[in-house]
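In the two complexes below, chain A is the common chain; its partner is chain B in one and chain C in the other.
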Partner chain A sequence: VKNLLKVALGIATSIGGFLEVGSISTAAQAGASYGFQLVWAVVLATVLVMFLVEMSGRLAACSGHPLAAAVRERFGFRFQVVPLVAETVLDGLVLAAEVGGVCIALHLMTGVSARWWAVPVALGAWLLLWRGTFGAIENGVSLLGLLAVVFVLAAWRLHPPWTEAARGLVPSLSAEDPARYSFLAVSILGATLSPYLFNFYSSGAVEDEWDETHLGVNRATAVLGMAFGGVMSLGILVTAALVLRPRGIQVESYHQAALMLTPVFPFWGFVLFAVVLGVACFGAVLEIALNMAYLQAQSLGWDWSENLRPKDDARFSLVYTVALALSASLMVLGVDPLRLTLLAMSLTVIVLPLIVVPFLVIMNDEKYLGEHRNGLLGNLVVLGITLLGFLLAVVAVPLQVAGGS
Partner chain B sequence: VSKGRDIALGLTAVLAIGLASCRSPGAQLDRSRREAASWAASAQWAASAWAANQVPIAYAQDSVDLACQSIREERAKVARLSGKVGSAGPQHLEHLDRLRDILDPMAAALRRADREAVTSLLRPLAERQQELSGALRSADRAP
Partner chain C sequence: MFLVRDVLDKQLLDVNRTRMGKVDGVVLGVGSSHPPRVVALETGPVTLLRRLSPRLAVLLERLEKRLGIEDARPLRLGPEQVLRVDIDVQVAVNAQETRAFAWEDWLRRRVVERIPGSGADE
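On to the complex of A and B.
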């Protein structure tokens, strides 16, 4: 029973932690602008994230190493500098976008300008990281993220045309603004495949002292947790396709998405949207800030653990403190959170091979994984989708920038 | 090898279509019509939701203010395009001006929390949105 509870908690936290500012905004934009046409991008990204999360947990359980520490040990610090810098910059951008998401949610609920919320949000997150433990953060905030199930409920109650929605599983080009369509496909991949997720997951497994007996828990958490998370993203996409698209509303601002639940929940829809956006983004703020500290500490060989007191891993605590302060500053300066989110998500796909390729090499190394090394299928799926996403991003991102929106 | 070639061809097609859509003034005009119609619909929905007590007034004010600002930006973009898109440019500018003639008083009415004035502007706003959507549909049908 205790093991079953552990699996259930792992799955629930994975589902709750799946949605964040990127997945909410890209799925809403995709549904509003292209109906069901981008369903394939959500499904493809979910399949890839299942493989990558399972691999991260397996690495930690079999070798006792989180991802960044394993890359440093296997390839040396000089090699590690490139993915370290790339992921630090990306994490910083995504962290600022998540802080922006919480600020927008608070702005929607209170009417007080989003800029005024940046410092209190960063301070609240910092206090929780400073005082809290890994388990409290992982379980508490991620479980609150389960509120996002309202999008699935809304999509269900809107009676989607299933055949038409299923047609979206087959990738196709859109005649309507194809540059934007490709850019959104790339952004959906980037939103689901944020590199912080893998290092955070493997660091969490090390914090929770996983060993080879946890491989089953890991597989169940990765497959079921990510699959249900993907269903929530699809819930947002379908709701946007059925509510916003018929009205001709495209999502260029969070204000344009905020009423998408009201046809199903007339008096609670607006508040529910704001609460889900706020909770999902706040959970991601904690995870990303913590991951930035994990990443630096593991790459530079410092002491690290969220379960230690800050005075016992001062440099670790300093990293998340600085990261939160900088991300709040970006929001105070008035950076548009939605544009920042899309930029960060598309850059993620360009940077992803730098993180995935060394990861795959380690996952095939007997020294780390023993008999639990990757199979051919896992290697091919991960490498294939990563490279395809990279090629699409290299084409789509400059096009969107040239397109000027 | 053939799969790789297919992917390369697909990406080239995306690049070609995308570049064409980025550069074509007609495509830029379409994008502007779509965005203006989208903002008109958003403002209309937010204002009617406020009139029905479903959302706070601050949200409705923000939505209509954002719509006003976006329409101003679209107008400036379209003005730069004029001459490259024939009579469609001035016609779209006229649509944007008529939309602004509804949005500006609606923003003012929301600042006064004047529910009656806001309600009276909902219908004309919906008509302006239909006008923009109609222009977009006609452009889509044009060869």
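On to the complex of A and C.
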């Protein structure tokens, strides 16, 4: 029973970590602008994230080394410094976007301008990291993250036309504004595949002292957790397609996105959207800030654990402190969180091969994985989708930037 | 064993398996009577940065001097101190008794312990 509980908790954790500002806003935009046409992008991204999350957990369970540490050890510092810098910058942008998401949620609830919330939000997150332990943070984030199930409920109650939705499983090029359509597809991939997720997950497995007996738990968590997470993203996309699209509402700000729940939950819809957005983004703020500390510590060989008190882990604690301070200042300066999110998501896809290719090499290294090395199928699926995403991004991002959004 | 593949950039563990940095550099000794041999493994931010840019490493060294972290100069571990080399490199020292935590100690004393709730007052 205890083991079953563990699996359930693990799955809840990964669902909770799945939805954040990126997946909420990209799925809402996709549904509002293109109906069910981008369902395939959510499904493809979910399959890829399942494979990658399973791999990062397996790496940590078999070798005791999280992803960032393994890349430095296997490829050397002169190579690793490139993905390290890229991921640090990306994490910083996404962190600022998530802080922005929480601020917007608070703004929707209180009417007080979002910029005023940046400092209190960052301070609150910092306090939790400074005082909290890994387990408390992980479980708190995930249980609250389950609130996002309201989107699935909403989609269900709107009685979607299933055959039409299923047709979205097959990729097709949209006739209206194909540049924006491809850009959104790229953003959906980027939102689901945030690099912080893999490193955070493998760091968590090390924090929880996984070994080879956890491989089953790991597989169940990765597949079921990510599948549920994907279903929630689809819930948002379908709801947006059925509520926003017929009314001609394009999601250019979170105020417009917040309307999507009102037809289903007339009185509470607006507040509910704000609460889910706020909770999901706040969870992501904690995870990303922590991941930035993990990245530095693991790359440079420091002793690290969120379970140590700050005085016993000074460098580690200062990394997330500085990261939170910088991201909050971006928001105070008045950067638009929605635009920042989309920028960060599309950059993610461009950077992704730099992170995934070394990852794959390590997953085939006997020294780290022993007999649990990757199979051919895993290698091919991950490499294929990553390169596909990269090609799409290289074409779509410049088009979108040139066209202006 | 290949130095670059099997030793450089590996995680350094002390006798208690505490992580104490990575193998940031390998020091070779060249003599006329014998082939080059490993004199020491080095760990420390200056050694690491020197591999990217010697100029930045000099700047970091100056910064350490100005902040009074003299102890931060790279720590050298002789080959006789190496216990084990696999995906980690374990050495027969107690990290707390070396310079490995110079920056950590400085940041703890000068910054972290001054922030409430760091655990310093417990």
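Following the convention adopted for this analysis, the second predicted complex is superposed on the first by the 405 of 405 C-alpha atoms of A that agree within 3 Å, B and C clash if a C-alpha of one lies under 4 Å from a C-alpha of the other, contacts with A are read in each partner's own complex, and residues count from 1 in each chain.
The rule we apply is simple: contacts are C-beta pairs under 8 Å (C-beta built on N, C-alpha and C of every residue); 3 or more make two chains touch, one makes a residue touch a chain.
Please read all numbers here as calculations on a predicted model, not as lab measurements.
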item: Partners on chain A (chain B, chain C) - clash or fit; value: fit
item: Dominant toucher of chain A (residue count), chain B or chain C; value: B
item: First (chain B), second (chain C), both or neither touched by A:H65; value: second
item: First (chain B), second (chain C), both or neither touched by A:T262; value: first
item: Touching partner for A:F77 - first (chain B), second (chain C), both, neither; value: second
item: Touched partner set for A:W304, first chain B, second chain C, both or neither; value: second
item: Contacts of A:V395 with chain B and chain C, given as first, second, both or neither; value: first
item: Partner chain(s) touched by A:R247 [first = chain B, second = chain C, both, neither]; value: first
item: Touched partner set for A:R315, first chain B, second chain C, both or neither; value: second
item: Three-chain overlay, closest Cα atoms of chain B and chain C, distance in Å; value: 35
item: Set intersection of chain A contacts, chain C complex versus chain B complex; value: none
item: Complex interface listing, chain A residues touching chain B; value: 107-111, 173, 177-179, 182, 247-250, 252-253, 255-256, 258-259, 262, 266-267, 269-270, 388, 391-392, 395-396, 399, 402-405
item: Footprint of chain A on chain B - complex, ascending; value: 7, 10-11, 13-15, 17-19, 21-22, 27, 30-31, 34-35, 37-39, 41-42, 45-46, 49, 54-59, 62-63, 66, 70, 129, 133
item: Chain A to chain C touching residues, read off their complex; value: 63, 65, 69, 72-73, 76-78, 80-81, 127, 130-131, 300-304, 309-312, 314-315, 317-318, 367-368
item: Complex interface listing, chain C residues touching chain A; value: 4, 8-12, 18-22, 24, 43, 45, 48, 51-52, 86-87, 103-105, 107-108, 111-113, 115, 117-120, 122
